Each structure stands twice: as C-alpha cells, then as structure tokens.
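Okay, so chain A shows up in both of these, paired with chain B first and chain C after.
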Partner chain A sequence: MSDYIIETNQLWKSFKGQPALRGLDLRVPAGSIFGFLGRNGAGKTTTIKTLMGLLRADGGTARVFGTSVTDTDGTLEKRAIEVRRRIGFVTEDKELYPYMTVEQIIRFTRPFFPKWRDDLEQRYLKMFELPPKKKIPDLSKGMRSKLMLLLAISRGAELLILDEPTDGLDPAATEDVLRELVAIAASSGTTMFFSSHQLSEVELIADHIGIIEQGKMIVAGSLDDMKAQYQRLQVVFTNSVEMPSRWVGGVEHVRQEGRVVSILASHNVDAIVEQARALPGTAVERFPVTLKEIFLEHVRSN
Partner chain B sequence: MLWYTLAYKGWLETRFRLLFSLAFGASYCIAVHSIKVPSGPAFGKPILGAAIMMTIAASVFSIMLSGAGIATQPSFQATKGLHGSTLFTLSLPVSRFRLLAVRASLGWLELAGAIAATCCAMWFLFPPLRATATPEEMIKYAVVLIICGSGLYAIPVLLATFLDDQWRMQGSGIAFGALWWLSNHTPLPTSANIFRAMGEGSPLIAHAMPWTAMAFSLELAAILFFAALKVVQTREY
Partner chain C sequence: MIFRLNQSSGIPLYLQLIEQVKHAVETGALREGDQLPTIRKVAVDLVMNPNTVVRAYRELEHEGVLELKHGSGAFIKESAGGRARVMRKAQAVVQSAIERLASLGLAEAELRRVFENELAQARTEGRLGAVTEGKP
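== the complex of A and B ==
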C-alpha cells in the first residue's frame, strides 16, 4: 500500500465545459497535517468533493486509503461509502439540518459510524460548551463550526477533511480547536487534510502544504523544507541601483523600492546572494519568509 | 438501523407538512359536515359525487405535499437552491438509493395516513355517505385512493430530485393536470384511468375494485421511482 492517504494523478473535472481541476497531482502523507491552500474558486472544494466520491472526475485517478474514488466501472458509490465511513468531514458553509437540535444531530449522525467515540463526543460537547437542547439555527456560526468539528472528530475517523474548520470562531476558540486538532493527530495518528484562508493558522499546525491555483497544484511539500528553501533577500545599493541583466535560477520575484531591492528566492539562495554581492556597492541580508509570502508570491505569479 | 435514523430525519422534515395536510383534510370534512343535505334519493348521487370529489381533492393535496427527494427540505419554508446541509447528508456513508427509498417510503406512509384519516372523517361526518355506501366499500375506496395516489405521488418524488423546493408544488400541480388531460385524451383504456378509478370507477359508485387502474398506478409509481433514483444517482449536487 502507498504511503499516501490521498493520492491523485492528473485529476480533471469540468462543470459545463469550464475546467475546475486541470490535472491535479496531490499527495497527502499518512499521519500528516496537510494545509490545502488556494484562492476562492481555485478548486479546493471540487477537490474535496471528488475525494469524498460526491463528484465524478472527468479524467485522471484519485485514491483515498488506496481505494479509487474515480468512476471507472460504475461502482464508485459502493467504494465511496466505504471511504466515507473512515472520514470525518467539515463542510465549508457549516450548514446542518435547521430543524434539529444539537443532541438530535448527534443522535442522527452516530449510527452511520461504527467506530463512533462516545468519549470524544462528551469531551467536545463539554469543551465547546454546546447546548444539547438548542436548535441549530439558533447557534452562532462559530458554534456551528464547533458542532461540525464534534461530529467529524467523534466518528473515530482515520482521515479528517476539514474545509475552513475555524471559520467563524473567535481567536480563543480558534486556538482551542487548533490545539485539539494537533493533539488528535499526535495521539491517534489521524491524517488531517484541511483548507483554510487563515495562513497564520495553517503555518501554526500544518506540516505539509499544497497550493492549488486554477485547478493545478503549483506548490506542494513539507512546510519545513519549503521554509528552508525559500528566503527573502534584501539588497541595499549605496549608490544607484544597477540590476543584473539576468538573475541566476531560483529568483521568484524582485521588487524595488528606491535603493532597496527585495528578492524572493525559492532555491539556489547562496548563488543568488553571491550574484547580489558581486553587484557594485551592495549590502545583502537574508530573511526567513512566512507561508503568506510564499502563498502570495505563487498565486500572483500564476 | 440506518433506515430508522433516516426516517427520523425525514419525519422531522415533514411532520409540519403532514399536520398541514391533515388540517386541510379536516377543514374539508368540517365544511361538508356543516352542509344541510336535503333528504331523498334524487340528491343521493350528486351529493355522493361531491363528497368523493372533496375526498379526492384532499388526497391529491396530501400527495403533492408528501413527495420529496434526498435534498434537505426545511420545514414549510420553500427554498430556492439546495440547502447547505444536503452536502452533509451526501457525505455520510449511505447510498443515495437508501436515502431516496427511506424518504419516499416515509412520504408514502404519510400520504396513506392522511388519505385514510380523510376517508374516516368523511364517513363519520357525512351521513349521506353512510346512507349510500357500506363500511366495507369505504375501506375499499380508501385503499383505491392510496394505490391510485401512489402513481401520482411518484411525480412529486421525481420532481423533487431536480426541482427546487419552491417549484415542487407548482410542478406537481402542472404534472397532475397534464396526466389528467392525457388520461382523457389518449387511447388508454378507461379501465386504466387512475383519475376515473378514484371517482366514478371507484368502489363507492361502481361497486367494484378498479384493478387495472390500480395496477397501472403501481407500475407508473415504479417507473417514476426508478427515474428518480437514476437522477439522484447521477446528479452532482
């Protein structure tokens, strides 16, 4: 069996002739916390729905737990049901049945999952201070997010797919939730695949990152490796700015403000520093970059 | 026990509709009860015909209300577009066949209950009916309404798989009208006409069970249910 819990190769999906996924290659290692990033409309939700077996891919392959979730022989639903039994899922809009109370939705969801964890259910009911008798429409968006997390985590799932899990939560609740997610991943080896627009949160808990843009994976890998590779260089010219006609490989973006030139390097940093130092009258400094800088650089340049 | 869980969800979605349907039937019965009916055999047949028409109308209303697909239906607030929680339902490890089958079965039970209750109430509240029909005929009539109603019921079930909640009732009304027109303007044998079977061909008037129409209705229900199943299995929500 593959070391990846999720693996897609050249995954394609279109809606009314409009491509949403254009050959997506995605690999999520078992036991990782994978931050799936992208702008609105980049294809995150389409990817998630395809992985859940809710959408039929037009081309390519997708496997979750080694099971194909693309329809090749008309048996997708049967395979997808088996896969979904092992997944905890938080939807993007956090909508649940408006006619149910908190305790009713828990009672409704429980029988679908043979590995349902009563202990986790009770723990998060208490921790998230969810009122069992309250109707779902009467809950704030933050409370609904917490309820969805409870429903996802209590399934005893091997994989949590979380679409904007902290959406609507206040900073304190966000921190609680993130801490819990890390604790779950650490204690049970649960793989987490989550999308978020809050890059600082992703940076805090993710160990792997994938950035999707226009249906294609443009950056993927370990966050530590990424941060080690990417650096921002600040080149200060003492006199007039004399840029080289061509930078060596690895320069992603160059920005000039007066006599200060800022360079984002994705690799080959030493060679770039050397080239910058060879320019007349320069002082070069290296700075670590944030995930936000990496993200913005890639989506803008695409 | 997944069917029980899904039926429980369906019940929470539909209980107010059922209540409304029963209230509608009750208001008919009360209206009928308050009518001062002149005695004499000359009035028997038209009065009976009017009672049957009212029972059919109440039944058809129940049928239109009961039909549902697999999308979440917020109780009584007809909505445009899919409710967000439909994605939650679809993400559960359950087949769409089971989702649709449980939902359709529950709706059918509710309409059967509403029709039976309306027939019962008409029987007790409308003396001319008791004067012209036996209890056995009334029971048979309720069975005919439920079976013939099943074919009609499958129409809103099918429509609910691709129409927004707010258009389902109107869509069902138009489809019933079209089916009624087709029943009277196509070379279909009279014995297979399900609208006739609920009225003049019913056990209350014809004093015989309209077996052909009942069989036709069940066949229609099976075909439409199969079509609804194909829609939910292939549709990307």
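== the complex of A and C ==
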C-alpha cells in the first residue's frame, strides 16, 4: 500500500453532460489532517461521494486504503462496502433516522462495526451533552453534528471524512469539536479529510490542504510549505511608478493604488524583492500571507 | 511553557512555536533539562495539528535546542545555555538601537518595519549566518 490513504488520478464525473470533476488528482497522506477547500459547486461533495463508493466515476481511478473504488468489475460494490466500514463519515446534510432517539441510533449503529469503542461513545455522549432520550428531529443543528461525530468516531474508523463538520455550530461548540478532532489525531493517528468554508479553522488544524475549482485540484500540498513560499510584497515608489516590463517568475498578482504596488508572490520571493528594489526610488516590504489570501487569489484568478 | 498562536499573522504555526521556545530559552524562562509539554497536550491546548507540533519539536532538536527522548518527551538541551549568553548581548545591542531610534521620533510600527526590511535585505544579500531562522 502507498503512503496515501486517499489517492485519485484523473478522476472524471459528469451529471447530465455537466462535468463536476474534470481530471481530479488528490493525494491524502496517511496520518494527515487534510483540509479540502473550494467554493460551493466546485466538486467537493461529488469527490467525497465517489471516494465512499456512492457515486461511480466516468473515468480515472480512485483508491482508498489502497483499494480501488472505481474499477468496475463484479466486486466493486463489495469492496466499496468494505472501505466504508473503515471510514467514519459526517455529511453536510446530517441525515439521520428521524424516528430514533439519540440512544436508539447509537444502539442501532454499534453492531455494524466490530471495532466499536464503548469508551469513546460514553465519553462523547457526556462531553457533547447529548440527551439520550431525545428524538433526532428535536435536536438542534449543532447537537445533530455532534451526534454524527460521535457515531463516526466511536466506530474506530481509520479515516474520518468530514463534510463541513462545524457547519451550524456556535463558536464554543466549534472549539469543542476541533479540539476533539485534534486529540483523536494525536492519540490514534487517524487520517482526517475534511471540507470546510471556515478557512481560519482549516488553517489551525490542517497540515495539508487542497483547493478544488471546477472539478480540478488547483493547489495542493503542505500548508506550512505553502505559507513559507507565499508572501505579499508592498512596493512604495517615492516618485512616479515605473513597473518592470516583465516580472520574474512567481508573481501571481499585482495591484496598484497610487504610488503603492502590492504583489502576491507564490514562490521565488527573494528574486522578486531584488527586482523590485532595483526599480528607481522604491522601498520594499514583505508580509506573510494567510490561507484566506491564498484561497481567494486562486479561486478568483481561475 | 505556555504557547500562544497568532493565527492572523500568516507566519507558519510551526515557526511560531519554534520562535517561542527559542525566546523562552534566551530569556531564561526555559532552562537546561526543563521538559516541554507533550505533543498531544500542545495540540489539544492550542487546537492545532499534532503533526505541526512534531515538526516544530523535530526542527528544534535538529538545531540543538531540544532533546527528544523516546517515550518520555522533549527536554531543553544543555548546549542551549551558551546561546543564551550571546542572546543577552544581542538584547543589549537592540535595546540601545531602539532607544536611539525612539529619540528620533520613530513609532513602534515604523521601527518594526525598518528592522524587518533590513533583515530581509540582509538575507537577500546573504549577509546572515547559517543558523538564522525564518526561511526553511
């Protein structure tokens, strides 16, 4: 098996002739917390459903735990079920059986998973303050998220796939959930693949990120490396602005306001600084870039 | 050791941890043989990725600041003390520079910009030694 828990190559999927995935390449290293980012409709949910074996790709390959979830031979369905058994899953729509209580759905789910962890179940029941006798439709959105997390975590999954796990949670509940995810990652080495629009929380807990846009991965890699490479430069001209006819490589975006020019660099920063300093009458300053800036830059320019 | 993170700064989190450990060693808040909190504790307390904490600790070990003992945790290494004396000298130099610049009427933000720019310039021109932090 490779070092990647999830690995796709040139994954394609269309709905009624409309492509949702256009050659998606995705690699999620074992033991990582991978933040999967993209605008609404970029293809995040389609990707997740394909990985779970709930959708069949039109082309390309996808492997989860080294097992193909795309090869359409007679055993595909069986393999997909086997893969799903090892995944804990929290969906965006948080669908749960509406006629059950908290206690009932836990009792109902438990027998499907031989590695069920009673200790975790009890712990999260208490920590999330979930009322055992309450029916699922009577729970708040945040409570339903926590219940899904409890079900996902307690099954002893090797991979957690979380589709906007903190969506609809208040700041305190968000903090609880993120802290638990980090604790699980630290103690069991569980790989986590999660999509979110909350870039600041992704920035905290993810070590790898991938940005999907129109069904393609446009940026992917280690978050720290990315942040070390990306920088914003501010060039202030004392007199008139005289830009070079051509910037060196690495300049992603240039914006001018009066005598101030702001440059977003994706790499090669030292050479860009040098080039800017060589321009007549300039002072150059460099600033670190946040994940939000990297994200917006890429989804806007695409 | 209590770590703090500044999320909006854009500086990679592992670099922030590294800086804080070094600073604590330099000021004497952490001394030879002192134990740092476990990776799990730092990750959970700060709600950050455990691999990021691992990366910071490994890099500190590589630079000779920390010693990682398997199973028992991370300890400040004895050689860090010599560095502390050098850093105290550096502190004095910077202190007097700040006083002079402040007397010229520079505000804190201006002062910081001047310093960071000159540092970046020195780095570009290769005037900095090999052990400097910042860029990996």
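Quick notes
In this text, the second predicted complex is superposed on the first by the 300 of 302 C-alpha atoms of A that agree within 3 Å, B and C clash if a C-alpha of one lies under 4 Å from a C-alpha of the other, contacts with A are read in each partner's own complex, and residues count from 1 in each chain.
Convention: contacts are C-beta pairs under 8 Å (C-beta built on N, C-alpha and C of every residue); 3 or more make two chains touch, one makes a residue touch a chain.
Quantities reported herein were computed from a predicted structural model and do not represent experimental measurements.
In the superposition on chain A, A:285 contacts chain C only, with no contact to chain B. When the two complexes are overlaid on their common chain A, residue A:54 makes contact with chain B while staying clear of chain C.
Applying the stated contact rule after C-alpha superposition, one finds that A:96 touches chain B and leaves chain C untouched.
Of the two partner chains placed by superposition, A:243 touches none, neither chain B nor chain C.
In the superposition on chain A, A:179 makes contact with chain C only, not with chain B.
When the two structures are aligned on the shared chain, A:204 is found in touch with chain C, with no touch to chain B. Comparing the two interfaces of chain A, the one with chain B and the one with chain C have no residue in common. Those residues of chain B that touch chain A in the shared complex are 1-2, 4-5, 8-9, 12-13, 72, 74-75, 83-85, 87-88, 90-96, 233, 236-237.
Those residues of chain C that touch chain A in the shared complex are 5, 7-15, 39-40, 43-44, 46-52, 55, 113, 116-117, 120-121, 123-124, 135-136. On the chain A side of its complex with chain B, the touching residues are 49, 52, 54-56, 77-78, 81-82, 84-85, 87, 89, 91, 93-100, 104, 108-109, 111-113. Every residue of chain A that touches chain C in the complex is listed here, in rising order: 31-33, 175, 178-179, 182-183, 185-187, 200, 203-207, 223-224, 227-228, 270, 273-274, 277, 283-290, 293.
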